[in-house]
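Read through the structures below before going on.
Each of the next two complexes has chain A plus one more chain, namely chain B in the first and chain C in the second.
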Partner chain A sequence: MKAYLNRLNLTLIIVTYSVIVIVLLPQLSSYIVFIGITCAAWRIGHFIGRVALLSPLLLGLFAVAMSALTVSIIYSQGLFTLLLHLVFLGFSLKFLELRTRRDVYFFINTGFILTALFFIFNTSIGSALIASLLLLLLLATLLSLHVQQLYKKAFIKLLFKSCLISLPLASLLFVVIPRLPSLWKMPLQKQATTGLSDSVSPGGIAKLSRSSALAFRATFKDKVVPENERYWRAMTLDNFDGTTWSQSDQKKQQESLAKRGAGLSFYPTQKGNKVEYELIIEPHYNYWVPVLDYALTPSGLVSLSDYSLRSEQPIVTRKAFSIEQMDSVNTKKLTPVQIRQLTQLPTLNSAVENPQTEQWITDNLRKGHSKEQILRLLLARFSMHFTYTLKPPLLGKSQVDDFLFTTQAGFCVHYASSYLYVARRLGFPARMVTGYLGGEWQASEGFFTVRQYDAHAWVEIWSDGGWQRVDPTSFVAPERVESGLEASLTNSNEFLADELFSLQKWQSVELLNALRVRLAQMDYLWARYVVNFDNGKQLRLLQYWLAKFPWLNITYTVFLLMAAIFSALLLMIFKPWQRKKIALEDKLYLSLQSHFTQQGYPRQMGQSISDYCALLSVQKPSSAALLGNFAQRYNAIKYQPSLSETERKKMLRQLQLLIKQLIKI
Partner chain B sequence: MHNKIENILAQLNSVLLGKEQQTQLALVCLLADGHLLIEDLPGMGKTTLASMLAKTLGLDYQRVQFTSDMLPADILGVSIFDSAKQQFRFHQGPIFSQVLLADEINRASPKTQSALLEAMEEKQISVDGNTYPLPSPFFVIATQNPTDQAGTFPLPESQLDRFMMRIELGFPARDAEMAMLKSANSALNINAVIDLSALQEMQQAVKKVATNDALLHYILSLVDESRYSGMAMSPLSPRCSKTILQASKAMAFINQRSYVIPEDVQAVFSAVTEHRLQGINYEKQGNGVLSNALLKRVDPLNL
Partner chain C sequence: MINVFFRKYFDKWVTRRLPATKQVTLNSRNLFIFPSKAGIHFLISCFILFLLGTNYQNNLILLMVFFLCSFMVTCLLLSYQNLAKLTLTATDSEAQFAGQDCQFILRLIHAKHHAQDLTFCFQKGQSKLTSIVNDDSVYLYATSKNRGYFNPGRITLRSSFPFGLYNVWTHLDFDYQLLLYPQPLENTLQDLSSSEHNVAHSMGKSRLGVDQFSTLKSYQPGESLKSVAWKQVAQGRGWLTKQFEQFSGGDHVLDISRLNHLALETRLSFLCYHIIELEKKGLRYALILPNQKIEMGLGSVHKKRCLTALALFERVKNQS
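And now, the complex of A and B:
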């Protein structure tokens, strides 16, 4: 039966479609968004009666052409993006040809798939709410197909009621259904817009500092690391070309090995205090994991020789890691190759590029200062003359000279870079470390949030047979190390100048601050308990539950539970208890019908048995008598109220005999 | 008893050639104690069928030709002052007969048409505060011209509902018309085949025809479909479902069966329901459109 769509259906469908387009907008290429908007416009035009729908043939041709176009455009972006675009294209085109219920079922199921895809890109609690709204809209559309006569209020009530009823089942399925490994590779084209990049030139981190986007969260098990020790190490940069600090080839090689799983591993060999904490990292599409010194290697991660951790896969979704750390490590002597790399400078041969710095170093050496004293003098200069600003003046070709003697203003990278330059010039093996500093304490939930504006760069110098951390920036504005970037800026307009609507900016308004803290906590809990509910956690939870019933086996229990759920669903769908019993005479009649239907003589709706048998008799004159008898007996059995039980049984037997003969024809 | 039915049908068919289905339906209608409306163009044999039915069944009948200036008193009768007895005396009109043959009923004004209402339903009439019973049995066999013809007043729905069946004769087949022309001088020697007691006996037998729930469900499904499918302009009333059952019983009786089967219902359904389904607009659609659509939508095999 064809059921046509009414106004409510169409309104809901159009709203649903528009919301899905808006929600998926960041993931879609502009051309397919254009197609989507065109489809929506066309549909709305049809809705208000201005344009006709496309004919199925035309639409089919259009679909083929569009698919080919999509494949050719998106192909280079990887399979997953292609899949997403094709699904969306199908969704849009289906939207154009919705005419009957069956079309709407297709439309809604595709909508569910797109909602699932949306979850791949977004895992925060906010996006979960958006997706719930989406699901609600899809379900409302589905419901509107089946209840046409309900008033608005009753409709909404029914919608929420049925959603609430199915919520426990959904939660159970969430807990019980096994997590399959991903069937496709995630797209890696996503540019690392936020987060640290693997090369730093003064100016690169300034943009990052202003973003209040969340970088990661940390929960300390029992002991909290003091604030001036919370240097979250992400990467070390040991190669300088005069303007940019980057990783040396040696380092890159080590890292690429590590990404393939061949990194180092540190295990607790050292006595001393162990501190444990859990990290929940926001996706940054890179491999590094920010850790405090000196992290042991947890499962699933590998270590590099600079004590930083790398993930084997890029972090594209929110990930949680449990980290253990020690206060000290055994160190080995540096090899000559390492020393050469760690003292490398582009101007080692000709010191012309930063003549003033050269001059300053030579002067001090001539005055009889030791190398360590010169470094200390430099730090003293920082504390006396230099200012910290997020908007430093541009530096010329001689970067170090310009910064040290002309502008004397900058942020962490400027200080770290020039300090490193001087240290290496004096012959100390040294490297730049990038990462995050500090973090905001969420008192009520007991975790730190580290945001992108906490990004920082500092220096490590090899002396006394170990790496010593020096943070030149801290000499400029000591407050920055003690209480975060926010306090260190005297001109408060500079902080978060780009983000007018960020809640971060309004920390002084108590209510807003409370709201912000509450939101952060909820998002944290969401990430910790829902997004990162993986196979391991599932297994642990089930084991915890099942420990109470020692005779139960996890596999069988999960299997049984799933079987129970699905059989209940099947029962609900097919409702065997509502099926009518078919009387014997009707069964025989049905078998007669199916026999002759196969021969090409189906019974028409509403046709009585006598008419049907008369029709068959015309086709099969030889068995006209049998057919006539059959019709007469059937009518007698079915409609004669005065028939006695024995007569009835006799007639049924005759009917069976007749059908046996008839089916042979 | 069934011999007599065959004789009746044979006699009817010998005059009205090639219209077996219509004569059968007409007989069914009278056996089920219902009034009959025959509708067609002039000259199709409406009046012939009506008068033949009355004669064959041995009933006394009066024929009234309806015209637009006719008054109710012309049918019911009139009270006239009897100067000898010094009181009014009621002179019975043509309605006081066993069969009233109302020819071209839709030419009369609605006022006159409505005079028949009480007579048809209650089998009595009221004049000047006195109620007079009509003879038993009492049938109205009415003929009417299509309402798009000049000088017609369409029968209102309430009046249509009084008629158990409405049948149309239609043009005869070529063979039948040929036969009719050949025997053009037929002296119409129509005799009564049965008498009044035999007719009443048959009517009693019709009432005894049995039904079971399966069949009643079929009738109810048909009626429901007319009410809830939104097809019909005027859905079928409970009185109509009663009428369908009566007519089906008579059909089963004519088919020599002691119980009703869906085929009987289907045979009478169009004649019984089409004029009720289409109501006053029935000329605007072809004959049997709605009732046949209903029959096609409801399956007798209800599992």
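And now, the complex of A and C:
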């Protein structure tokens, strides 16, 4: 076996390694990336002939030191990250010491595992394409080890041929093989959560609003919920310390229970319309699932008392959920503890008090306005004097005062926060709801895309024995609710100011927009049918196909399929169509031979029929004439070109008769 | 012990399955396929990936696993296809001396596509020379120290094309029976050929040769113009050719019984050496073996006869 690697092997290996480093770059800590780049540089240096490879002993020491260093640096980031880094370290060091084929096998198999780990972070169609390129490179490396003489064209042809042949079986397996549940719990990556956070202080969402990253996609089954009703609730915040809205201890307890699978479940009631929709949520490394009011509890999720949904596992990959929505739910009366929490405000006389607001409320009360009227007045003030902007001026310590009476400009959180403050001051139980608003309609595919800039905050007030949604922002910028963020900004430069290259920003350019829509559709289909293809979908697909053939059921299908595969294999192995067809005269001759072989006169190799028959005539004088006739007719049929078809047939019949007589004797 | 037993059993089975022939076309009856070490590594990593994919409930990893598994199946077919329908034909090889590398030539007839990544080796009688694989022929080398008929055993044809995930191999028996002459050992002639024989048979004998001019003879058409006696032609004495004469050192009778004090193989080796030497010198020689006597003679056919007699002396066929 050839122990050394040639130029093609090394080139492919170096390219593969570089691609893997680039692909995993976002997941790796900078120090290990540095090691990776050093390894690549060293290897290239060796390739050119500038440096020698490390000796095994030195490399071993280096490996131990590096692993220790990696463990000490990465340990705090969780087991998963540590695992990833160690695998990558091993990969890099193997790359550095590649000498023989065995090393390359190890390198390639580690490459497969790293590609799989890449899939844990990325499931979009783009990353799938990148990963398939990676797979192709790894397989090309493997191929280059064993194919020395092929030309470049033949090499590439063979590579693609073998990959393409594998695809049908792979897709069949993908569709047919049932998915097992997790065998054991795997460590997850500790990743900074994206999207909504569990506390907002006015100013926190501004950054988020400008990200065009996809938050989730929604498909409505029959009826589409209108834009101004599409409030996707993610979580409620009920605690205010003067600057930040966050979850109360009560709420936090509920959340932590939900992570263990404990929570409420809402079941359908008789009254009210039901709307069904499917969500495909992009990974945000958090537990919440944004839903419209009021979602029933699907299996695998739990509901909280505020009607929001929680997943038991953090959403680390693209996940699909089917959700049923009801118009109304039966509500329970609030308990005194709840009321106390829902009307909580920072104590008066604290550093964050808002004297101007207090004054405004007392003035209005004195004027004889009812509490409800005061809230309406506030909303009227919003619509008259306030402006909607993503770059609000900074607020001082008295946040509500500053906003209501000085700056009068801000975005949803500012409005929600100050409205809530006033409501609670007036004694209404109220809470802030964060989530998303609206969504972009992808007309050709029939789904909504909701992006991070659709994040929104609004208010819910308890009155008349139920929760009423109030969106103070809609009074400032109704178009924010009606037609999305872009429309609500008077200064369009603010929209996605940070994302120069986002296709989202160039919606006005027709071609780019078409391209963007097309990409979004592909990615959606990919997410829906490939990434989230689960047992349920599998069963539905099979049932769909089976429904077309009512006489089939699953058991029969499996049997039929297996029988089909088996017979195809049999055909391929035995190739009946390649079997030699034996002419009738030859068959007769063969039976003659076998007859006399049994009697102890086998035909010798290379003996012609005339010779053989002559020999037999000597041994069996009684049938000499028959044998002579046989040989003569056989030769005539075989070698006489002038024989007509009728003569031929006649002779064949004679041969048959001769054989019968011969064998009888 | 068990290993030896299985080896024996396996050999028997292979003999039944792949009987000796001079020509063989590879197909599913005579090819063996098994995952190579690399293939097993590949399967292990597929299993790890499957665990990863299942535990993280990640469909894309599972898709990748399914792809790699079906890739493995594809490789199975491709690796079979690579060797299938390849026809190998054994050609007869020249007799050789024991201890030297014997060349065996196989002719290859490829199917539509060229079979790739072929390695050939003999099971027994490994030579230091590696086999040479050409487009349409393979040169294999084997060596044995024993004279007589040499069968280097089965040829193992192996390929790990295309991705090295499978070993495809076959053990082909071409029933080689290569005649190996004894290994020539240098020695002096004194002990062997008796001087009286020498004298009796060789005195005054001379044969036509190139050494010394002896006489003129009338020219026969077809004779070399170099040997025409041009002087005589010029003198008008007609076309004559010069005849030269070579004195032979005498005829030799190589008698094995004269060396009875030595071991048999050494004796044969000595005789072998002399046959080669005498043949080179152009001297006539006869060979006397206890069971066989070869008359005085010269020339390659004679030499072959003598050497064959030496090679097969007290040897049964089919012994290697």
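Odds and ends about this structure:
By definition in this document, the second predicted complex is superposed on the first by the 508 of 665 C-alpha atoms of A that agree within 3 Å, B and C clash if a C-alpha of one lies under 4 Å from a C-alpha of the other, contacts with A are read in each partner's own complex, and residues count from 1 in each chain.
Going forward, a contact is a pair of C-beta atoms (placed from the backbone, for glycine too) under 8 Å apart; a residue touches a chain by one contact, two chains touch by 3 or more.
Remember, it's a predicted structure, so these values are computed and weren't measured experimentally.
Shared-chain residue A:639: touches chain B; no touch with chain C. By the touch criterion stated above, A:105 is placed in contact with chain C alone, chain B being left untouched. Chain A has more of its residues touched by C than by the other of chain B and chain C. Judged by the touch definition given at the top, the superposed model places A:158 against chain C, while chain B stays out of reach. When the two structures are aligned on the shared chain, A:278 is found in touch with neither chain B nor chain C. When both complexes are overlaid on chain A, the residue A:312 reaches neither chain B nor chain C.
Contacts of A:123 after superposition: chain C is touched, whereas chain B is not reached.
When the two complexes are overlaid on their common chain A, residue A:169 makes contact with chain C while staying clear of chain B. Judged by the document's definition of touching, no chain A residue lies at the interface with chain B and also at the interface with chain C. Within the complex, the chain B residues that touch chain A are 210-212, 214-215, 258-263, 266, 295-301, 303.
Of all residues in chain A, only 580, 582, 586, 589, 604-606, 608-611, 635-636, 638-642 touch chain B in the complex they form. Across the interface of their complex, chain A is touched by residues 28, 37-38, 41-42, 44-46, 48-49, 51-64, 66-71, 73-75, 77-78, 116-117, 160-165 of chain C. Contacts from chain A toward chain C in the complex involve residues 101-102, 105-106, 109, 112-113, 115-117, 119-120, 123, 128, 131, 135, 139, 142-143, 145-150, 158, 162-163, 165-171, 173-174, 177, 179-186, 316-317, 530-534, 573.
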